[in-house]
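Same chain, two partners: chain A is paired with chain B first, then with chain C.
Here is the complex of A and B:
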């Protein structure tokens, strides 16, 4: 918890004014992210999981300087990066890159692959002419794409190739952090593995730090070193990947892990399902935001929001498992 | 006699670029009360196959072959006769409930409409009430849900309401096309439980179309794996997962996290529906292919459990041990 991170967030809040948001009365403010602390260590792959509407994409956008956000601390390599996108120094923009879910939306349909991968160098004024093309080619090689695709257009590529082009375009700037928001959700299963393996290699070979946002817990468990679980704008549990999946402490994490479909029909498990659905972010419940759905809810849970605190004895190779739950923190045996 | 017996079904769509062959000869049976998982990637023909069975493939579709439902060939039936079956004996649920529901009518209105259309011939005692249907799909507080409009409900609640409408006619067969793909993982688990419970309670057959092997592993009795418009492997779900015979099914399983090492992507890309090369559609991506594979379409081999492959992987030895998968 105390180690110096490459990217450090304290008390991040992101809000949306309700004008134009359906079903939320005008004048109210919705906090999609409401007090989040998060640290990315250099060279780490951190998974950010949670269900739709929990605020994970909003959090990622705030890191990019997008949206209406405020934070006590937002630091990258020790430097304050709270400024919005249009006021950030160009070099900072280069060092943190972003990969979105759908590569077709992210690519220009009328430009060749080579042009699009070279363009960031032009925008940042980092290389020109032959040098620029050479660096774009090198980036394409880094994502295992051959020279034959340089002259192609996005519609001529497969989904896996497109997403690798998007990643090459981010890599050409030699970033230190890659924020990937559902990077494989739009891809077929047989080619998701290309992108997942590539992300792992980029970390292993160049020490790239990756924030991997996904609703696919199986992939998160496979790829990430650490995971943070979000529920309704807050982090409810965080910790190293295997211990957390083996022994989730927060009742919500337990429900998420239990809901992962089995890899084999012989491993079907009849489980108690989480009841209810996430409330709308416009009117979060008081106290612990999970309490209306929680099987362990007590009086304190209805009024006192639990803080995200380390679990005593749950430290694994220096990485600490932490939970925001009054009941789990008291050390009572939890049903698994 | 199986409830549904599909024989050599083919579907192609007329397009400006020529005929797109979505389904290239499918044979498939479904028993009463059975839950069949149909797995395939985008473009494999899994949705087109069942849209054609229901007569919903559209004006540009050319459909040939047979699909016997309780003895009657659905492909041969008039539109009128088919529309009398749809909703009453055969129903379909789609991926995104929000685009299937009418946004300006209450759930109660739409549910009553489904009851009137599909259970209108039943006597009052036999006709289901909206409240009973909503209770069956696990929507708490039916009175409130009946007055609600789709935008006031969550994705999971809307999908439950859709399923309730599909149950109004007490169908023998429910076709669910990616019913949980747009939903969160905890809600997905609820909907899968629901489909299984309804199937068991009513003796209703379910076809669950999905790209997700885990979803199929969770509730299906039998699996059919589609690739390039054909079923390449089928059988009882445990047997197929224990020792997948077709290299494509093996590839799909190795492409997902299974507790053992690096993921194995399948090289190459899915075949184009405009492609009319002879032979096995998977051959260009297959490590086990021989010259024969690009000349002839492999015939179906086996009985209850069958595959279309000249070089099936029949040794269970290199299938992933269950203990490794159990770790996940």
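Here is the complex of A and C:
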């Protein structure tokens, strides 16, 4: 993990504190993200996957300066960006953009599409009057939306159109990084493909760097260059897409990959189901966070948290596959 | 304008009435047959035209000093509407701003605003208004200011709650991540989204402000003679309710119809302003 990234994250911890009731219930602190390192290379699409509640969105929000977070390092193009949103330099707010999960929620219901896409330019004072509208129209064209939707309101659009409006609003500022927080999980499958293809197209044409958060491994495999698998606030495995999907090392990743529906029912393999529910983030298990559900659990797993370390010999075109698992690292439990 | 064709009759009538009242208020000097203070001692307590003894000189009759009730109503509409509208607008602006402040800064600012809301809500406002008018002396500016302070806490409570909810919504967070200033987020985006609630509250507050003006004028601390207002007319007409009911009833009917019309219009406006209800 020595590559120089456009976006670098070391030791990110995100807290949720509940106040409790004095004398009756003590306040509790939950670390939804507990020590995460991530690096995004320029022009890369990194997939961040994991089940609901594992901290994916919290991590994405922390990158935007939202929420209660701490990090050893949070750098963008070499610049320290640990400051919360309100204290970030305006230029930074232009260069990193966020695409929300629910586009209907992310758009003001009472403003027209054109107004909302042009608004970021107004906010940043980047263009005036007619030029602002022209650039907003260009952004809408970039996401394959026609001129007929300019005067419409969000509730008059389809789900896919809305999400493309949200993406257009982010693109109008010509950002370098796009953080997409489950951008397609609220959309129909047919529309998902449109949006995913659009994101890939944007990367190819503009060299946009994208953090793509999803719980759909099929989509991630289709779109991303690299993937990081998250479980209960930590990254358990990361690596380039194809090798990682071909040969997942972490038992959690193995279970996730095995759960991807095959393209044909005859190709279906017996499912290795995970037993049990993920533990509550408020009281994570000691040692490896996955150990209560892990089929390979050993004594060391119960006490010692495994570090995310590169797998020797698992390097592909300069991208390293890394895993946080005692057993997998010893090379004893590589299945099949 | 095709939309206007589908308007319910009540809304159309309300619109016509409100427009008529606004016209009356603006054109009072030209349409009133007499000055509101003009006295006609030979025609005191004349009944309205449709009663025996009525005369076309005074279509709605005269009061105990022979002042023309119609002319006085015309001038009263001007005074009452101006005072109530100004008061309602001041109250809405004050309450909305304080609600936004509380939602934006939270912490002690929120505590302070909430405390002020509770304080205001617990206060018998009429007595506060009486005290202010008694100690500071009666002037139109002070009277309008009191009308403005009346009811601000309801706007503040509504706006604070809705702003708290709205600023947690995606669009407000999205605007912040885009670098929008608080003023932009609150006034250009959250305000239009909660405007319907404010407008509904204004339509509720408006008649109450008219009634407050009535009460204060009735108690002699509102609009002072020789100026006239609808409340002040009802107040003075009270003494003749049995013998010359028209002095009080005519302005009372105007109060009733006007406040009802404003409420109906406000209701319609709320639906009209909501794009989700408007239909595409």
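Details
Simple rule for what comes next: the second predicted complex is superposed on the first by the 327 of 336 C-alpha atoms of A that agree within 3 Å, B and C clash if a C-alpha of one lies under 4 Å from a C-alpha of the other, contacts with A are read in each partner's own complex, and residues count from 1 in each chain.
FYI, a contact is a pair of C-beta atoms (placed from the backbone, for glycine too) under 8 Å apart; a residue touches a chain by one contact, two chains touch by 3 or more.
Bear in mind the structure is a predicted one, so any value in this text is a computation, not a measurement.
Of the two partners chain B and chain C, more chain A residues are in touch with B. Legend: residue contacts after superposition of the two complexes on their common chain; A:155 is shown touching chain C, with no touch to chain B.
Of the two partner chains placed around the shared chain by superposition, neither chain B nor chain C is touched by A:133. Contacts of A:68 after superposition on the shared chain: neither chain B nor chain C is touched.
By the touch criterion defined above, A:110 lies against chain C but remains apart from chain B after alignment on the C-alpha atoms of chain A.
In the superposition on chain A, contact of A:304 is made with neither chain B nor chain C. Contacts of A:102 after superposition on the shared chain: chain C is touched, whereas chain B is not.
Of all the residues in chain C, the ones that touch chain A in their complex are 169-171, 173-181, 184, 189, 192-193, 275-276, 280.
Against chain A, in their complex, chain B makes its touches with residues 41-42, 151-152, 154-157, 184-190, 192-193, 211-218, 220, 237-238, 241-242, 251-252, 255-259, 262-266, 269-270, 322, 325-326, 328. Residues 22-23, 51-52, 158, 160, 188-194, 196-197, 200, 215, 217-219, 221-222, 255-256, 258-268, 271, 273-274, 277-278 of chain A are the ones touching chain B in the complex. Touching chain C in their complex are the following residues of chain A: 64, 66, 85-86, 90, 93-94, 97-98, 100, 102, 105-111, 119-120, 123-124, 152-153, 155-156, 166, 169, 173.
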